[in-house]
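The two complexes that follow have subunit A in common; it is paired with subunit B in the first and with subunit C in the second.
So, the complex of A and B:
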């Protein structure tokens, strides 16, 4: 038996997986770096002391940088409700003060899953960050759960 | 030999444990298992090789899969290319009978897991849709069960005459070995595990109380 939320999901996957739908830029300032690290309660001087020789943004910094759209404008509404399934970050190089980050948002993956609460569909939004040197800085996967 | 037959690593979308961290935890905490099987969700992990970790920590580390069917989730041991071709591991609505038949035909061993879960477990589906003849073994002890679920699994497995195995269903390192399966003989590889499971000479264990001391 298949629940309604998975009806037509193969077509949704085929149409939307891999689609890039937004691009945003972010200026990395000392103030933003410190605010994020302090909000986390970070004590490591690399992340909270601008005079530290290896001062850099906290490794999770990019997780709070969001695109203007969460999903493509005409992305279908799956199910009737949803919850935040959390974010995962893969950090490639440190984010430094003065960096300009360019982020491309894409629909990375759409997949169903069954659990105690029934059948759910996970939609993964992936933001890929590059810096002004063209280096890939980080990849952030945001899982949105629909049921 | 005691193996945890149901674990997940970061290769599963909801897994938070690295395999080397599982190994470190088992040795650091003297967890009473000799090894474990990685049963990643809705996939066959053909890439990972844990032989070096197994040698380093003196553990048996094997790979299986946890697939999803119209009667709930199923553990599969002894996955072959033929079995991967037989059905779509990523789907959530594979017919249970087909999965069990494909496993049997390709020499694998398949057993529904956490069958006592309310609404979504095998026995809840039995009440709605009837029994599936090909089921012979179920996971009667699951480390992720809430009170009442394993009790239901045990009683229903007894009622239907099913063999019972155990697994932690761990997604984080500290839960590995909560439940496990004890075998009469040593097992070195996946073929040995499948053979031991087919022999029926095993029993499910609850090791959580030992670990929580």
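So, the complex of A and C:
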């Protein structure tokens, strides 16, 4: 009897969707902000000139900030392999030099999809970043595809 | 550029970003992701890859940078990218975008974006929501 990657998926969804599993803290420095923007060839002074009145981190800066765990400790292994399906970032308040960002990692969604190569399961990890003032600065969703 | 200057269907200027090994190494250091699959062609090939890969988040960030050059001073509110295929370091890469929606109430536009690899295949596709405050 062959097993399908979606076997037992409803139970996995019920147990893990919405679960917060890690907390991480990141210090935002001028050096890190500039290194990111300059590596992209960014020319907008808001992101490369510390003397600019609106100096801030590049909007994609938070995509590289990761928690210690990608998924919860006991999260089941789905399928036999995985690929990176992409990231979605939503931005709120700009990230500024000197900010201390606190990020909560959670399992946001788990869902199946069927394509030409068969059935896959998408696991979305969400990191929600707030600054030292309690303001939400960004949300990053990371889609991991298991098959 | 102001919101009033943008028309549905407008194309963003096509760009060919620098994805040389030197630039990708610089990025992986900034991203704290200096892994061999991104910085060493031979190590990547040993993993079954066509060569060292441009990190997905670098492609995503290059798309954002293109949006900034198209509309200086704009604010990217959302950027969603799907990593569809390999974008190889030290190859010719094309990034393009087109305005697919405009919203007069929120003064935002939606832009569809693509990163195409040297073989003409889409490596990354995405959508940005851009605000003109």
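Methods note: the second predicted complex is superposed on the first by the 144 of 147 C-alpha atoms of A that agree within 3 Å, B and C clash if a C-alpha of one lies under 4 Å from a C-alpha of the other, contacts with A are read in each partner's own complex, and residues count from 1 in each chain.
Quick note on the criterion: a contact is a pair of C-beta atoms (placed from the backbone, for glycine too) under 8 Å apart; a residue touches a chain by one contact, two chains touch by 3 or more.
What you see is a predicted model; the values in this text were computed from it and never measured.
Asker: Under the stated touch criterion, which partner chain does A:15 make contact with: subunit B (first), subunit C (second), both, or neither?
Answerer: Neither subunit B nor subunit C is touched by A:15.
Asker: Under the stated touch criterion, which partner chain does A:6 make contact with: subunit B (first), subunit C (second), both, or neither?
Answerer: first
Asker: Just subunit B (first), just subunit C (second), both, or neither: which does A:111 touch?
Answerer: A:111 contacts subunit B only, not subunit C.
Asker: Should A:36 be classified as contacting the first partner (subunit B), the second (subunit C), both, or neither?
Answerer: In the superposition, A:36 touches subunit C alone.
Asker: Kindly classify A:122 by the partners it touches after superposition: subunit B alone (first), subunit C alone (second), both, or neither?
Answerer: first
Asker: Between subunit B and subunit C, whom does A:96 touch in the aligned arrangement: first, second, both, or neither?
Answerer: It touches nothing on subunit B or subunit C.
Asker: Mind telling me which of the two, subunit B or subunit C, contacts the most residues of subunit A?
Answerer: Partner touching more subunit A residues in the overlay: C.
Asker: Which subunit A residues come up in both lists, the one for subunit B and the one for subunit C?
Answerer: Subunit A residues touching both partners: 143.
Asker: Spell out the part of subunit A that touches subunit B in their complex, as residue ranges.
Answerer: Checking each residue of subunit A against subunit B gives 1-2, 6, 111-116, 118-119, 122, 143.
Asker: Tell me, which parts of subunit C touch subunit A in their complex?
Answerer: So the residues of subunit C touching subunit A come out as 17-18, 23, 26-27, 29-33, 56-58, 60-62, 64-65, 68-69, 72-73, 75-83, 124, 126.
Asker: Which positions of subunit B touch subunit A when the two form their complex?
Answerer: 13, 41-42, 68, 70, 72-73, 90-93, 117-120, 129
Asker: Subunit C touches which residues of subunit A in the complex?
Answerer: Residue list for subunit A touching subunit C: 32, 35-36, 38-44, 46-47, 58-60, 63-64, 83-91, 143.
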